[in-house]
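The structure under discussion appears below in the form of structure tokens.
Naming follows writing order (A, B, C and D), and every chain is counted from residue 1.
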Amino acid sequence: MTWLLRRVAQLVVVVLVVTFFAAILTSLLPGDPVKTIAPFATPQDRARISEELGLDKNVISRYVDWAGNFFTGDMGTTYAGAGLQGDSISARVRESLPTSLTIVFYVQFLTLLIALPLGVFSAYRQGSLFDRGGNGMAFALVALPTFVLAALLKFWLGLKLDWFPTQGYTKIGDGIGNHFKSVAMPVMTLMVGQIAIYSRLLRSDMISTLQEDYILMAKAKGIPSRRILWRHALRPSSLTLLTVAGLNIGALVSGALIVERIFKIDGIGGLIYTAVGQRQYIAIQSYVAVIAILYVVINFLVDMLYSVLDPRIRNV
Amino acid sequence: MSEVAPMTEASPEPTQEEEEATKRGLGIAAWLAIGWLGCMVFLAVSASFLPLDDPINGSIRETPGVSYFTEGHIFGNDLLGRDTLARVVVGTSTSLSIAALSIGFGTLIGGFVGLVAGYVGGRIGTALSAMFDILLAFPPLLLALTLVSVLSPVTETDPPSRIKRMLVVALAVGLVSIPILARITRANALSWSQREFVMAAKSQGAKPFRIMLREVLPNVVPAMLSVALLGLASVIIVEGGLALFGLSINPPDPSWGNMVASQVDDLGETPHVWIVPSVFIFLSVMSLNLLGDVVRDKFAVREAAI
Amino acid sequence: MAGSGTAHLRDANEVLLRVENLLVEFPVGRSGLKVNAVTNISLDVKPGETLGLVGESGCGKSTTGKAIMQLPKPTGGSVMFEGRDIAKLQGEELRAIRTRLQMIFQDPISSLNPRRKVEDIIAEGLNIWKIGTPEQREAKVNELMEAIGFDPAVQRGKRPHQFSGGQCQRISIARAVATDPKLIICDEPVSALDVSVQAQILNLLEDMKARYGLTLIFIAHDLAVVKNISDRVVVMYLGKICEVGGPDELYANPRHPYTAALLSAIPVPDPSVKPSERMTLGGEIPSPVTPPSGCRFRTRCPRAEALCAEQEPQIHQVGADHFVACHFPLEAGETLTASSESFTV
Amino acid sequence: MLEVKDVRTSFKTDRGLVKAVDGVSFTLERGETLGVVGESGCGKSVLSKTIMGLLPSNASRSGSIKFEGQEIGGPSIKHMRDFWGTQMSMVFQDPMTALNPVMKVGKQITESLRHHLDVSREFANETALQLLSSVGIPEPERRLKQYAFEMSGGMRQRVMIAIALACGPKMLFADEPTTALDVTVQAQILDLLEAQQAERFMAMILVTHDLGVVAGRADNIMVMYAGQSIEMAPTRTLFSQMRHPYTEALLKSIPKLNQASHTRLDAIGGRPPDLVNPPVGCRFAPRCPYAQAKCHQEAPPLMVHDTPGHEYACWFPVGTPQGAEALAKNQGSIGTAVGGQ
């Protein structure tokens, strides 16, 4: 229980540090933000905008104000202009986040579904044609940057073959078929590299596990290979994979940023990008906070899963 | 002293031939990778001396948008009549310079911080590694995007020069790579620092700096080198990502990423314009990844042979 | 024991090293508990003597050796070496003592940097302290390499992975001797080696000791090895001293029940000794985080009584240069008998 | 029961073919213990894995292995699976690495019971409990639910023995079962193995580097050097009339408890040969104080000489006139032999 409390405390600290870091970074954005927001405002207007944005205060008190709001569920509004009511940031997040999360979920789910058996089997048949072929292919696929792969898919499957729509996102409520069609290429793009990484990672851990004495011991007990692979070897081999999967969230968000840009999908990536361009301080901070929370929560879950998979961790 | 048995036994040390065999044993793939990267470096260095068309300004005498293997344009040209070959070669020098600068910067800082964190350990080590972890929580592309726009805003009326912009991109990406390199170096330094030879050096009276430099660092270098090679590959990729958001070097200056990005909303029009740089990116990234693996494997074998 | 006390220490003027009430504790994670690795150990070494430290894993023998080296510094106690308490020294002063006090490690491969040449490894101490001119250092390395049976011309440029475990241990010995130390702590130097190589290294240590006038603290778990090389033996159990004495007397007439049990548990290469007739100790070593009260050996001791749980025995003399920390020591010549079952923890 | 004839095992490595076991033969009856002794790299551990058929994929074996008259030296893993656990099983050197770290101990015991004997879960649990108490583990109910890392070294080794014994094998391989343990615990484990062997009337192969471990416990001893069996005899015969110079040297190089302190040890000079290119002739010749020119040219065969059941491979055996003469010759003319004088 103290362990759980400690993890939650850790979670809060990380979110605070990350968002504070974001606050400092955004305040470093050069150029007068007021000028960017309202290029033709009078000096009086500017002063008012400054005040409304809290720009007359220092970074720290601005951060404290923001954090107070954020943790009570109010992410604030975007700044639309002097005296105008901006859009609710929370509403934007509610609109965009599910789209990004849906894509990321599909990617992770399908990746594991494919990568697990692939990794296990190529470790078992180490050095076989299947293994070496898989190795070579994984190598090539990892070297294919997301944006190149996305462009290729869009060009080939979208423009040439016209199988999938080249842009936009259809919600699952607006037709399942269209939904899947709209996410097919983004998901494929992000999946390919992940499958390659995950299956190779699992393969190499599996290979070293298979050389352990306890695998020999299981063999000496007369346990069939299939059972040795899945019941004895997989669990201790999957720990690195799990860690990497947790750490991968950052990379996935980066990937989502690119995929959303190329396939013109309104996700959280697009929101952040627009916010950076428009110097929407509060919005940037809130988006970063959302991502940080996601990252920390997912890593928290990964840690829980870790301790389920490896009893040695539980007692430490 | 006559009791000491003479060391006559056949020692398992590699002979001259065997050592050469390990060098030869790189494999065809690795040599191809070295060859490709050699070509790239050559192109990058000699870009301004080669007899190429103007990569920035198209000529009105050309037919715009011709495809591969048109006379005078082996890779065709774009809708502004600019030769793709010329642009991709100049792009090579941009992309590789950014990659080399940022990883050089990242390795230097990240390596140093990681080495100290790994060797000194304790609270300092824990604090430093917690910091890396937090930095890693940021999506790298997002961080790079933010840093570039911080360091060199696009909104200024007169755009920064190509060189300045390149330095900014390299610095931003280098900053992003620091936590990754530091983390790997720290992990390696930590495990080597627990070896008994480090304690032996301490018991000889060596100062911490000497131990870090002479005992720990040489053992960590192969891992750092391997990560740096992989890092070069990922910088090439990140540059492309930045370009997609208009935050790599400013068009019309070419980089590999810029060339792909400029066409991304119009893939069908002149596909060769984005496919050619894509192939360059792909082959370079694959070569770097391969060499990174080779370095790591060689290192692992040496370790295992002990 | 196993207990505390200083009855076995000799006149401070005769000894090179005198350790009193050495205490080493490690924290266990963040739990606030601590490992009582070594608790109030006292020992001394005369110049030219080899002191054997013997016991099973977890008895604190290696920790004692490292604490004497101040790697890391002990939690408490004093380590008098050449008239100064080196446990109180810091920074430069401590560093300066390093040339006089050296260590040989257990794992011959882990203790040599794989990326350095043999000559650099051996010369490390000389180079750090800039002892002599470069030519003199070179000559010293040559001399040391010959002393350990290497051909300097052929082997000086090689790296550790080109040598076998035994050869690596020779290099370690040369490195330790290079700065003309007074005392060398040998931490299980032969445990990782095959028996035939082990004999070579033991012989080499004896030779080097004679040639360079060394004093040794020899740490090992193998009683026969310790007997072979030592002038005085200290038996340890769970961070405490059980028994101290000259090897021949101590092995012939063990007074502490643990020493006796340990001796009887050793497999003897003699088929006429039937293992079933020997006394086997039950149970296993308790956790050093929560050691038993009183005598730490009492949970496995066939002679334990109520007193043993209440009071920690003090080291007292039982013979000429023979000391024991036990409330109910064996008589000279008495054999320990007990069934092991009744004492299983 | 077990008949091993001219077994050879080699591994493909980057440096070439390593001949880890090179022509070993012996027989073993039910209820007997064979002690296999040698230094690291002599092939003693590979030998038991070869007989068990548990070699890695880069190994190849030849020769004949008959278990109760049935040839099991073939390449088929499938039919070995029925042998493993029920006919022969193995106790490994390091209980920490040989027990699955993420599987409860109880599960590791019941697993083979359920698989081989097709018994119910309850019955398997019941049997596991009995097994644990029979190997001397207190509170077996609690231990069943524990993981290996929660136990001490001795407990782990007891668990491993319980696993090995679970399906009532007729033969047990104990591969350095006590090397990772302390002396006092080593004695307990060796006693346990001996008791279980007698109770179940199993054949046992006890592999060790320590002559002391097998001296009081094995019926026969085989000494291995560089992949070959160089001397084999009933235990008492071996110790009373050892014939091979290596056996003698091995025994002499161990410090003894009954020797006075500072007794100079007779070290064997040099180190074991490279198994990729073993020396021509007797493999021990380069380190042997008795070696003559003949030893460097012609390998001595392993055969019975004087006492029945006592085989050795040497041209100039210890304790024979030839041996004495050879030794005298070497000590007179310095230089032909290398190493421990």
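As a convention for this text, contacts are C-beta pairs under 8 Å (C-beta built on N, C-alpha and C of every residue); 3 or more make two chains touch, one makes a residue touch a chain.
This is a predicted model, so every value here is computed, not measured.
J.: Give me the fewest steps it takes to get from subunit A to subunit C if each step has to go to a chain it touches.
T.: Minimum number of steps from subunit A to subunit C: 2.
J.: If you count the C-beta pairs in contact for each pair of chains, which pair comes out on top?
T.: If you count contacting C-beta pairs, the leading pair is C-D.
J.: Counting only C-alpha atoms to place each centre, which chain is farthest from subunit C?
T.: The chain lying farthest from subunit C is A.
J.: Report the inter-centroid distance (CA atoms only) between subunit B and subunit C in whole Å.
T.: 50
J.: What's the distance between the Cα centroids of subunit B and subunit D, rounded to whole Å?
T.: The computed centroid separation for subunit B versus subunit D comes out at 52 Å.
J.: In whole angstrom, what separates the CA-based centres of subunit C and subunit D?
T.: Computed value for the inter-centroid distance: 31 Å.
J.: Would you give the residues of subunit A that are in contact with at least 2 other chains, written as numbers and ranges?
T.: none
J.: Two or more other chains in contact with one residue: find those residues in subunit C.
T.: Residue numbers touching two or more other chains: 164, 200, 203.
J.: If a residue has to touch 2 or more other chains to count, which residues of subunit D qualify?
T.: In subunit D, residues 264, 267, 269, 271, 340 touch at least two other chains, as defined above.
J.: List the residues on subunit D that touch subunit A in their complex, please.
T.: Within the complex, subunit D touches subunit A at residues 52, 54, 56, 81-86, 89-90, 92-94, 97-103, 111-112, 115-116, 147, 149-150, 160, 163-164, 166-167.
J.: Would you pull the subunit D residues touching subunit C in the complex into a rising list?
T.: Contact set of subunit D toward subunit C: 39-40, 136, 138, 152-155, 182-188, 190-191, 194, 209-213, 215-217, 235-236, 239, 249-251, 253-257, 259-269, 271, 340.
J.: So in the complex, the part of subunit A that touches subunit D is made up of which residues?
T.: 211-214, 216-224, 227, 231-232, 235-236, 309-312, 315
J.: Applying the document's contact rule, which stretches of subunit C touch subunit D when the two form their complex?
T.: Going through subunit C, the ones touching subunit D are 56-57, 164, 166, 194-200, 202-203, 206, 221-225, 227-231, 246-248, 251, 261-263, 265-276, 278, 280-282, 284-285, 340, 344-345.
J.: Under the definition above, what is the set of subunit B residues touching subunit A in their complex?
T.: 134, 136-142, 145-147, 149-150, 153, 155-156, 233, 236-237, 240-241, 244-245, 257, 260-261, 263-264, 267-268, 271, 274, 278, 281-283, 285-286, 289-290
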